[in-house]
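Below you will find the structure I want to go over with you.
The letters A, B, C, D and E name the chains in turn, as written, and every chain counts its residues from 1.
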Amino acid sequence: GPEKPAETSAAGSAESQTAAASSNAEASVPETNEKESSEAAAAGKESSGGSGDGTVIRVGGLKGPTTMGLVKLMDDTENGKAQNDYEFTMVTAADELTALVAGNKVDIALLPANVAGVLYNKTKGGISVIDVNTLGVLYLVSSDTSVTSIDQLKGKTVYLTGKGTTPEYSLRYLMSAAGLTEDDVTLEFKSEPAEVASVLAEDPSRIGLLPQPFVTSALAQNESLSVILDLTKTWDEAQEQAETKSRMITGVTIVNNDFLAAHGDLVDTFLSEHEASIRFTSEDPDTASMLIEAAGIVPKAAVAKKALPGCNIAFLSGGEMKTALSGYLKALFDQNPASTGGALPDDAFYYTGAVSN
Amino acid sequence: MLLPSDPAFRVTVRDLTKSYGDSLVLDHVSLNLESGCPCCLMAPSGAGKTTLFRILMGLETADSGTIEGLEGRSFSAVFQEDRLLEGYTVLQNIRFVTGRGYPAHELTAIIKHLLPEDSLKKPVSEFSGGMKRRTAILRAILAPADIVLMDEPFTGLDPDTKQQAARMINKYTAGKLLLFSTHSQEDAALLGAEILRLGENGGLCSPGI
Amino acid sequence: MLLPSDPAFRVTVRDLTKSYGDSLVLDHVSLNLESGCPCCLMAPSGAGKTTLFRILMGLETADSGTIEGLEGRSFSAVFQEDRLLEGYTVLQNIRFVTGRGYPAHELTAIIKHLLPEDSLKKPVSEFSGGMKRRTAILRAILAPADIVLMDEPFTGLDPDTKQQAARMINKYTAGKLLLFSTHSQEDAALLGAEILRLGENGGLCSPGI
Amino acid sequence: MHRFPDWSRRTAILLFWLFLWHLASLAVQNQILLVGPLDALKALAVQLASPASWGALWFSFGRISLGFFMAFLAGLLTGSLAFWKPLAGEILEPAIQFMKSVPVASFVILALIWTGAENLSVFISFLVVYPVIHINTLAGLSHADPGLLEMARVFRVPVWRQALSIYRISLYPYLESALKTSLGMGFKSGIAAEVIGVPGGSIGEGLYMAKIYLSTADLFAWTLMIIAVSSVFEKLFLLLLKTIAGNGVPGKEENHAASV
Amino acid sequence: MHRFPDWSRRTAILLFWLFLWHLASLAVQNQILLVGPLDALKALAVQLASPASWGALWFSFGRISLGFFMAFLAGLLTGSLAFWKPLAGEILEPAIQFMKSVPVASFVILALIWTGAENLSVFISFLVVYPVIHINTLAGLSHADPGLLEMARVFRVPVWRQALSIYRISLYPYLESALKTSLGMGFKSGIAAEVIGVPGGSIGEGLYMAKIYLSTADLFAWTLMIIAVSSVFEKLFLLLLKTIAGNGVPGKEENHAASV
């Protein structure tokens, strides 16, 4: 039977698509986007950069928010303007990306944050995280706009998906940060985001917790719905008094440690190129949307443009990444150790090497 | 539907015609059958004996012609093939058609006249050919019926067994309408039956009408 | 394996014993069969004729006793039941055992001696009982074989057809080892066969040894 | 037996079900859960007008049929082997049991590595269809008429000719019902595999997108297409089977008539 | 035919497959993709020691068996109905076709709303098993011996007695192979439904968590449990079928021996 395409979190399934659209006549999204920069390099109008040892870096990502910041780099690669040689594989299903990483079919992968933690533990430290590429994508939606902060959820019922996965743990973390106990809010779990959307349509006073692409879908389907709370912002606000400020994180980038050991310089180059690419996406959403469409991440540029702000594309690396991510993972770990793979990743997990902000 | 010791009745077949595709099997066959007077149908192989039986039993419809006197009558039959429930014992095979009407020990006593005692517990799939035939005969004579049709009932029986079977048939079909087919004059005599002949091509036959 | 116009050979059965469960079917049966000398097995129904045939054909194993002279011999048979491929025509049924050895028109010519012309195109499921039997006989005599076993081959045949079938059998099994069973002396005479009797309880029999 | 000609009766039955569906959609009144047949047919018309949908149809059903076909051949082969050499059958038994009862979730990551998302549907439809064919082949062969087999043995009929005449006839009805049960299931699990792997340009992707975008009309349109195509394939395969192996098989019509 | 007694041969075969699995795991050398049988058995032992696993076993297989059982009864009923009244069969036909070929993804939301995540597995296993039983019932009844049916008709044997003696015998082998194909599939799709709905305290939840947290040993342990339980259930059901309906059915052993 068919399974939930998403792993680990609704955020995982969020990866698969962004943006709303009531029609999807465009069924012909290009599937895997393998662009062999080596060809471009061989056609060679420009030297392919500093390292130049001809190693092709295989990068895997999910079509969705986490790779929206990667499109400029993909475009550059295609045009032979990238410094490294990259080969990109974009997949829709979270299972497939896990398969690619586990099967050593990619060197660098853009993954959900906790999956990175799990993989780190399961591979006995075989990977390192090199950057954060997407912050949180969870939102509270309702037709009832009276709730404007977490503590106002007291006595209410929240409908959400993913029992035992990151959305639940994130929400519980924020609830306890706001001084609410487990019993103050009833969490009603549904199996599918569409089920949540359907439940919200039945009663305007109901509150739902949805990850980004579904937020936009649900809003498009049901005009009375609106976003009442952005959990990413709420998380940041909860850190105000904290010494080390964690952040809510959806997507991170990991590298295979064997590859890292062999080609540290290439990884550093990737990091700077990734950062530039992410910055490009934030600064020039119009062009980025076109590239997103071209890369098949979202079927329509217009839709991509509409979705971009909600996706919290960001680039964190080095110490900043370590602080934000380790705090986030700790929050998950405290709720359920299995969610980060049974242990909290140690310092070796965080690649804080060459790049500094 | 059971009409025991019924007053005599007759069945009249008139101008029965039946063909399969192009080949005419029964060509204006007429006959007259009476209860209490056994009749024996004799005809070459392939002449249409079985076809006539099937039409009488309602398993086949004639192309033209009429049959009178069948309404409300119940049938029992020995088919040309044995048509037994192979996994069942003799008793079970008989009970399949009679229901639980007779007590088992009575039935068993009757069965023993035709079959060896040690075969009673066997499924008929382990019977010899002649034993199966005897089972089919037993089934036909023990089922309550007004009309008994037997298509070559003595197939595969040795002379002694045949005699014994004939005695049983005469006893249990007394007063009923009995029609059977055979290829041997002796068999007809054994049951004291009047002989009806079906012509080469079905044709007309019989002393009837 | 085909040994045409083979020198004469014989098959010797000694002290064959077979029982099913508690009941002894063949009790020290011995017989002597020779090619070219048809033999007819006569015995009451249930005496073990079919069982003996099955043992000879290798379909059943005897409890004790020996059979000599079967090595390298090929068989053909008429089973007590017809065992035809019901959806196939006569020709196809025969070809199933003979392969494409004979040309079709030759076979057809032979078939026509026993079956009406219009039956050649029908599947045997549409045959009458006797026509199926004739098909089984044709199959047995046309298959290349050293030893031909026929279990009550004349079942369901009218006197004329029986004569004709006997002629065909005599012609096509000449020189082969032919053993058949029947319940009627006449049938044995038709094929000019020596009669072997199987006693009440299997028992010893035959002029042999 | 029926007063109406075949096609008009079938149409009436189809309309009856569409009407039930329509009533259900009126009762539910929720466009996310259940759209009516009209909306679904409208969406279907839009899809059928687009070449991309035809491409998806070809992509998906081509692959799934491939899996089905391989499973059919493999099932026939190992089913026959298991009949012929019971020991081989016993050795295969745990593997068959495994294929029958292992949930996709258990091995999907491994399967994705082997096959990639694109060919996952080939693999999954194979996995669903194969045991059905194997089991039914074995059952069909086991129920060959023992009398005829003895006859063939006495006449020393070569095995291949026995296979063509005796075993074929006993196998046929089992294969027929195996086809009827497994073809639809193979198609549906193939599509399910595509919903897991979401290869681009597949029907599974279409279904997946329709789900994500909550466009239930599209979801239902794809579903209608899947059901229609697998019905047509089923009829075609049955016809093919009949043409190849149906010669001399007793017609069910007759049997049935005999029982009325 | 075999030199070894039954149980030791079976054990040897099982060990053979475990050994193959072991070799495969050595070759793959990747604890995320494929753990060896030893690790899986270790994880299984740990699970079997915990009462929660037994609870999950009970929770899941109780529900799935319920769905299976209902499907079995319903399939017998409608299969017989379709045989008895062909028009009813034709009316049911599109519904059967629908159940056979509709992918779960298409209606899962609707189903979740109706049944809740907890009972989704009852529904889904019903959906998978029902058409198989229906189709095989119809096929089995249609292949009843026409000669015997004519005989019963002439003797005016009541229909129920025909059903008990003639139809039962022709139905039996079809039901047997229907059981063999559908039981494992019902169980696996029931579990797949739990992986979608993730009801608390179910095997599906265990599988789901094991999968997303990449604890492959646990994943395989659950899988082993599913396969083992569905094998046992299959044997039990077959035995039950034999006890209830196997009287007087020609043994397959004999047929088989006749063919060797």
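Keep this in mind: a contact is a pair of C-beta atoms (placed from the backbone, for glycine too) under 8 Å apart; a residue touches a chain by one contact, two chains touch by 3 or more.
Here the structure is a predicted model, which means the values were calculated and not measured.
Shared contact partners of subunit A and subunit E comprise D.
No other pair of chains shares as many C-beta contacts as D-E.
The centroid of the Cα atoms in subunit B and the matching centroid in subunit C are 29 Å apart. Centre-to-centre separation between subunit C and subunit E, using Cα means, comes to 48 Å. Each chain gets one centre point, the mean of its Cα atoms, and the points for subunit D and subunit E are 17 Å apart.
Residues of subunit B found to touch two or more other chains are 81.
The set of subunit D residues that touch two or more partner chains comprises 32-33, 103-105, 108-110, 113, 150, 189, 192, 195, 208, 211. Counting partner chains per residue, subunit A shows two or more touched chains at residues 1-3, 98-99, 102-103, 192, 194, 198.
Interfaces, counted as pairs of touching chains, are A-D, A-E, B-C, B-E, C-D, D-E. Within the complex, the subunit A residues that touch subunit D are 1-3, 5, 16-17, 20-32, 91-93, 95-96, 98-100, 102-103, 105, 192, 194, 197-198, 201-202, 213-214, 217-218, 221, 296, 299. Touching subunit E in their complex are the following residues of subunit A: 1-4, 7-8, 98-99, 102-103, 115, 118-119, 122-123, 163-165, 189-192, 194-195, 198, 338-339, 341-342. Interface residues of subunit C, counted against subunit D in their complex, comprise 1, 57-59, 74-77, 79, 81, 83, 85-88, 96-97, 99, 123, 125, 143, 145.
Against subunit C, the residues of subunit B that register as touching in their complex are 20, 22-23, 43-46, 49-50, 80-81, 116, 118-119, 126-131, 133-134, 151-152, 155-162, 183.
Subunit D meets subunit A in the complex at residues 30-33, 46-47, 50, 52-53, 55-56, 103-105, 108-110, 112-113, 116-118, 189, 192-193, 195-201, 205-206, 208-215, 218.
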